[in-house]
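The structure follows.
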Amino acid sequence: VSGTVEGPSLDSVLTDLGKINNSRARASKLFEWLIHPLPAKSFFRETWEKKPALIKRHNAGYYNGLFSTAEFDRILRDDEVHFGVNLDVTSYTHGKRETHNPPGRALPYTVWDFYKRGCSLRLLNPQAFSTVVWSVLSILQEQFNSMAGANVYLTPPGTQGFAPHYDDIEAFVVQLEGKKHWRVYNPRSDDEVLPLVSSPNFSQSEIGEPVMDVVLEAGDLLYFPRGFIHQGDCLPDAHSLHITISSYQRNSWGDLLQKLFPAALEMALEEDVEFRKGLPLDYLTYMGVQNSDKEDPRRTQFTARLLGLMRKVADYAPVDAAVDQKARDFLHDCLPPALTPEEKASSVQGAPARWDRGAAQGTALKMKGHTKIRLIRDGIARLCSNGDEVVLCHIADNSRVYHKEEPKSFEISDEQTEAMEFLIRSYPKFVSVESLPCDTFEDKMSLAMILFERGLVHTSEPFRPS
Amino acid sequence: VSGTVEGPSLDSVLTDLGKINNSRARASKLFEWLIHPLPAKSFFRETWEKKPALIKRHNAGYYNGLFSTAEFDRILRDDEVHFGVNLDVTSYTHGKRETHNPPGRALPYTVWDFYKRGCSLRLLNPQAFSTVVWSVLSILQEQFNSMAGANVYLTPPGTQGFAPHYDDIEAFVVQLEGKKHWRVYNPRSDDEVLPLVSSPNFSQSEIGEPVMDVVLEAGDLLYFPRGFIHQGDCLPDAHSLHITISSYQRNSWGDLLQKLFPAALEMALEEDVEFRKGLPLDYLTYMGVQNSDKEDPRRTQFTARLLGLMRKVADYAPVDAAVDQKARDFLHDCLPPALTPEEKASSVQGAPARWDRGAAQGTALKMKGHTKIRLIRDGIARLCSNGDEVVLCHIADNSRVYHKEEPKSFEISDEQTEAMEFLIRSYPKFVSVESLPCDTFEDKMSLAMILFERGLVHTSEPFRPS
Amino acid sequence: VSGTVEGPSLDSVLTDLGKINNSRARASKLFEWLIHPLPAKSFFRETWEKKPALIKRHNAGYYNGLFSTAEFDRILRDDEVHFGVNLDVTSYTHGKRETHNPPGRALPYTVWDFYKRGCSLRLLNPQAFSTVVWSVLSILQEQFNSMAGANVYLTPPGTQGFAPHYDDIEAFVVQLEGKKHWRVYNPRSDDEVLPLVSSPNFSQSEIGEPVMDVVLEAGDLLYFPRGFIHQGDCLPDAHSLHITISSYQRNSWGDLLQKLFPAALEMALEEDVEFRKGLPLDYLTYMGVQNSDKEDPRRTQFTARLLGLMRKVADYAPVDAAVDQKARDFLHDCLPPALTPEEKASSVQGAPARWDRGAAQGTALKMKGHTKIRLIRDGIARLCSNGDEVVLCHIADNSRVYHKEEPKSFEISDEQTEAMEFLIRSYPKFVSVESLPCDTFEDKMSLAMILFERGLVHTSEPFRPS
Amino acid sequence: VSGTVEGPSLDSVLTDLGKINNSRARASKLFEWLIHPLPAKSFFRETWEKKPALIKRHNAGYYNGLFSTAEFDRILRDDEVHFGVNLDVTSYTHGKRETHNPPGRALPYTVWDFYKRGCSLRLLNPQAFSTVVWSVLSILQEQFNSMAGANVYLTPPGTQGFAPHYDDIEAFVVQLEGKKHWRVYNPRSDDEVLPLVSSPNFSQSEIGEPVMDVVLEAGDLLYFPRGFIHQGDCLPDAHSLHITISSYQRNSWGDLLQKLFPAALEMALEEDVEFRKGLPLDYLTYMGVQNSDKEDPRRTQFTARLLGLMRKVADYAPVDAAVDQKARDFLHDCLPPALTPEEKASSVQGAPARWDRGAAQGTALKMKGHTKIRLIRDGIARLCSNGDEVVLCHIADNSRVYHKEEPKSFEISDEQTEAMEFLIRSYPKFVSVESLPCDTFEDKMSLAMILFERGLVHTSEPFRPS
């Protein structure tokens, strides 16, 4: 990809996104902007999880507004950034990777002193400090259906902060300021293709020749799948600021199978007596590594029956329930939604209830039967099986700090489950409270009110004092 | 089965068993005696895990020597039996099941007072107190390749001690003294055939009509598979003493699969990139219980791929390693071997080392190259995989008290693994130390000595002072 | 106390406080304002821990700026307030005290609805949300040398939110808006004078007659010691907002003795063989409750020797070390200092290091030998014994959320301990770095720099780019 | 002490002891035998906890029957002795102390091989394996009112098994076979007189010159207090077997004070408001190590008040309750009583209840009003305060294995407490059940029966079938 790439600024992107009616469409749109001019469809078909991609835009301002070193400086000044928790000070010189975190709070004076002395700075979890990063990631998580995370890296001219290594996530390196020299290397072997865990630091001699050797400039994007080794260093004439947006950590078919297998076997044990039958009396005399060299027809027969049962477990696999286990983990990982002004105005967050002239005002406002509601985001909540019951899991009360809050869910009464499903499927359409498929008006209203109060639905018109 | 059944007494059975060269043959022989005159082969084919069986022997002395109420009394007197730990005092009257254990030690005075007042007594784990029961069970565990356990029940005339229920083990009810009226009922439904856990107490109205209604007399045997409901009560004219020998608790194909699945999936994840590939971007929008009613071709496709992978995991299943996990659990459950006098005389337990006339004597005795050794029992030890290494797991230091000792194992050096396998496979043949396939004589001797000192092998001739 | 009481507003109070050179003087001044026109000296002599006091000011604006319901509303809107964690919804009607917290985040819509329906609102730990409350409490903790905490209570007209009870803290009830009818009762017995734990809720019949029955109006103050039962209810014509400032929780002589005794006994055991001598052979035959009625001269003698040793332990009491244990607990409880603009400008927090025009600026600024420094607050740090070493404990990195951070401390090298003590004692005077009593200039500079970087000292002149 | 010392053999000692009516008198007698011909009175006055003592008896058979290497050999053969748990194999050569325990069970073959190769053997807790040692220690614990423990040491000729060290117990080294050269050294400093913890191994250069240098021969006794360094080595011509009987581990005045202080302070806090009063507002500004050099009258005043309160705590000290805490620990440490045949015959352990001719016999025997009972041992049980209630703590169900059983106790009803006290104080007199001071005959009988059934009392006449 080459040639100057024009594109809308993040500001106008976010404003435009706010007008999109459907949060999943919004997520696709934002992702398209991220990888523009690559079409998402072909990206996911040809590149994603397969090979690195570089987008040179010759447009230093393309990502303006996403993050900046000035913002970094502001965060150090205004927020409680702690070394080792939110910020790492690192260096990689003469093949040696070091971390220099002192204890305690990271204040500009100390941080910039480290930087001056050639150390790289890695800001962890910038979404907790930057509203824009939070907004972007909370939208992207609906694109990936897997947690969208980020780290910010600031590197002084002429230095390198990290040793070559590979990660366990799909990485989008967004160059924000300055430039950086990147070298990307193929996975070293089939075993390291799409790995589940990150690598240790490698020495230069372990990684072979780069398949990509480029200079990333402000406005450029570099993507590489998990397992691709990479290292970046600053040229002598410019610092570098980039944010790496990541996703798909432990989001493989195998990760889903880890949820599925125990549940499937439990079902098989309950429902099929073949699984409960006793093992052959003498199996220990011909099975086990001690007997693995033996030629014994009983070995063949035993193995065949065991593997037959193993395959048969698939017949009992509660696939949707296992997906729900995975979904619940994802919902716990999620950022809470960063609401647009319009969303706020039509939701509990913007409800006109307030203290005014010595009294609580605006609480008289209630829903009516003809009030129209919908989920505030498609991904805000999900009906999940949880053992024998079905609960509504949601992300409205999640924290911007990873896993600071416990997973949130509540039970939906049997009388309201169908209405809840109706609401979920109606998205992005608004539906009137009275149209909810409950037996009684009370059930409709109480479901609508609880969802409204917990921040899960908003109304078609802003709540306004009558 | 009816008519008077003659058979050897336990004493002569055990003496005869001691002459059998192979501990597995010994185990079969003992089991045959237990179910005599049923042939073991047809028993395992037609009855085991399938239906109850009754053996009426009209030979009150058939099981003489196995256990008696006099032995029970001796145990109370001589050993530290504690209520609630080793002994339960129970009653079942007017449909109500109660436990009456006081705190502290169970002494004859208190125990017999309970009995006089109509309570049943259940002695748990009698193998810890009775050498004969220990001997019998430690032999039978080689027949079952699954822990052989036992409880003893003493019931006063005209009473019942337990409510109807089913257990999670194969049960052999051995009537030792007096008689007892037994009713056995089919499993109540397919779900309760060969169950994995025991039932709660049932009321009489929940269990239907008995399929077997018999009076067991001394010398008789009653077998029923797990899942068959049963209750026994004493006739007014006689007390009852029986021992229930049990096995095959959690020893089903499904229990092996619980070991196999995680290991197999781990292998698949390591070796096959298909398992490491990311889930489809949008799978949460059409999978999960929330979407389970949806007609969506993507659901079919997703499920097919997932179940395909699930079945494919079987291709990576480390069957022998999983069997070894199961085997290690079994070895932990095992009783230590109860050695015959001949076995003792030719093993470390009977080595003539002793304190005599103010000095240690008999330690000069060492193995020679031509000394012949073999495992002291086929089931005494086993080479098991343990992650990446192979260890020798053994039961020589197990306790007669269940799980009082940790699982025991030690590493075998690479130089000695082949010799260890040779020894295991040579059983029941004795082989000379010099014939062990090691490179050096030192390796042969050190392997032989360590196995001898840990009580795992014995010699063809007793160790005698030269 | 009666008659209109004029006084400076909180704004001008805080501005004036900022000009006071010594943080302890500042704390006294602020406390004087709190209880104005009562003189602190007589208050502490005659009232504190002894009896309730009422200050009627007839000056509704006296506490303006400290907190307001508008601020409450803002906090609900802007901050992450969670029911049950930061906010309680309560009621007390017909003698029944209830809590109505739903799960999840507390948003204005829900909160004001509860209020409208007659519930009281208690905002816990307002210092985490309000900068002014933080400032006030962080100053007052230097007055009390014990944690200064606060709760805010908002009560609808004509309602009561809490049952009568007593607390375990000294309470300053600061009426901010509206008015509230308060009844205060003497401790019910000597045992409940200055209690260590709060009471359960009392019924009206358990508490006798009030010793104080007043209406608190905005600008008024009500003080009562721990152990004094109290209840407040709103008149039909006005809501009430008050903040209760509290201190001296578990700050009694006995609490210090709980630190002192184990340490003292350990010292006595080490240093005095009398404590290590064996007990009399037969003491169990005449001591113990079983023998407590016995007339036995050995009892007298034993008790005398034991109590003699008990008293003698005082000779080994490491009083200062025990005070340090207490001090370390206090420092952990402390709020971090809320710096004035001047303090910020002359400390690391305001150091001109910043990101500007693509580079880190202002880090070249370093201390010189003639730079003058002092602790930024008298109470910011403390040299404490910790076993055998001496560490510098400090509160600079504490969180506004109670105990969110671990206690912070670091070691001071032997070469720098004297200089550290010098600095501590010099407060509030500034001293030059070169005047620190260290052997080398490097030691002086490194001590000064580490204290500066951790936010413990500031300079006499703002750090400015040269 | 020198010259041939004649004395009764252990057998006749134990037989004679059985005739002594009072278990405490029995304990004194046995102790006198242990240290014969030293008089106990002068021993405890002049030697105990003060200095080593040697008793040369020139009577190799004096301790015959207590323990022997033959018994050691039998234990290895018959009991489950495990290396590292019950047996240590050690050596001390060229100043280097080593432990050689292999894993697993200690069988004679392996153990005697170690011995032959010059290793020392230490049998831990021999009371669990030897009935005589159990009898002796269970009697002696009533002498010491502190756990009586033991280790057995077997050392080959010409070797030493342990480095010089001191222990935390009073040690009685009883030479059983052969002879051993002992050197005993004074505590190295006042701090190491009567220490609370054992020392590490010392080098020869650290311990100075011995104050005692003797050869202990069979029948001899060596006593030394805790803190006295000691080492023993075998002469080339004889092995050595000795048992070290120990007591008074953590049984000092200070150990009792550790129970007393927290209880006393809690009482003081409850009862005396002086302890609940707040600390001075400004105490942190002049107290603490930071201020320890300051001349400040407030320091003097503060310290005086604090130490005054510290001493005043003694006024609230619940001495008997603290002694009971200590007593409860001791009872948990105790061995169960080893009953004489007569004691057995008249207690629940020997009650004639038994299984005979197909039925439980002898349970009809019950107490009558005129049956006479007493505690089976003075030290078998104790009424102890436990918080607000009084419980009967006892040792009847303790195990011969240290702390294998939890502490045992049960509640005595209010109606029976006085009777329980009466029983305790009546010891060693028998009293009739009807004479117990309870209101009703039922209460008398139920108390007598529960004590009888739990093995705490016995009757004046054996229970015999009427």
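A few remarks follow.
Note that the chains take the letters A, B, C and D in the order they are written out, and that residue 1 is the start of every chain.
Criterion: a residue touches a chain if its C-beta (ideal position, glycine included) is under 8 Å from a C-beta of that chain, and two chains touch if they have at least 3 such contacts.
Because the structure is a prediction, the values reported are computed rather than measured.
By the document's definition of touch, chain C and chain D have no common neighbour. Between chain A and chain C, the least number of touching-chain steps is 1. Comparing the residue numbers each copy contributes, chain B and chain D share more than half of them at their mutual interface. Centroid distances from chain B, each centroid being the mean of CA atoms, peak for C. Chain C has its Cα centroid 64 Å from the Cα centroid of chain B.
Chain B and chain D have centres, each the mean of its CA atoms, that are 41 Å apart. Here the spacing of chain A and chain B, counted between their Cα centres, is 50 Å.
Counting partners per residue, chain C has no residue that reaches two or more other chains. Taken together, the chains touch in the following pairs: A-B, A-C, B-D, C-D. The residues of chain B lying in touch with chain A in their complex are 24, 44, 48-49, 143-146, 170, 190-191, 193-196, 248, 251-258, 260-262, 264-265, 268-271, 273-279, 281-285, 287-292, 303, 305-307, 309-311, 313-314, 317, 319-321, 323-324, 326-327, 330, 378, 382-385, 390, 421, 424.
For chain B in complex with chain D, the touching residues are 69-70, 72-73, 80, 82, 102-105, 107-113, 115-116, 177-178, 239, 348-349, 351, 353-355, 358-364, 396-397, 399, 408, 410, 453-455.
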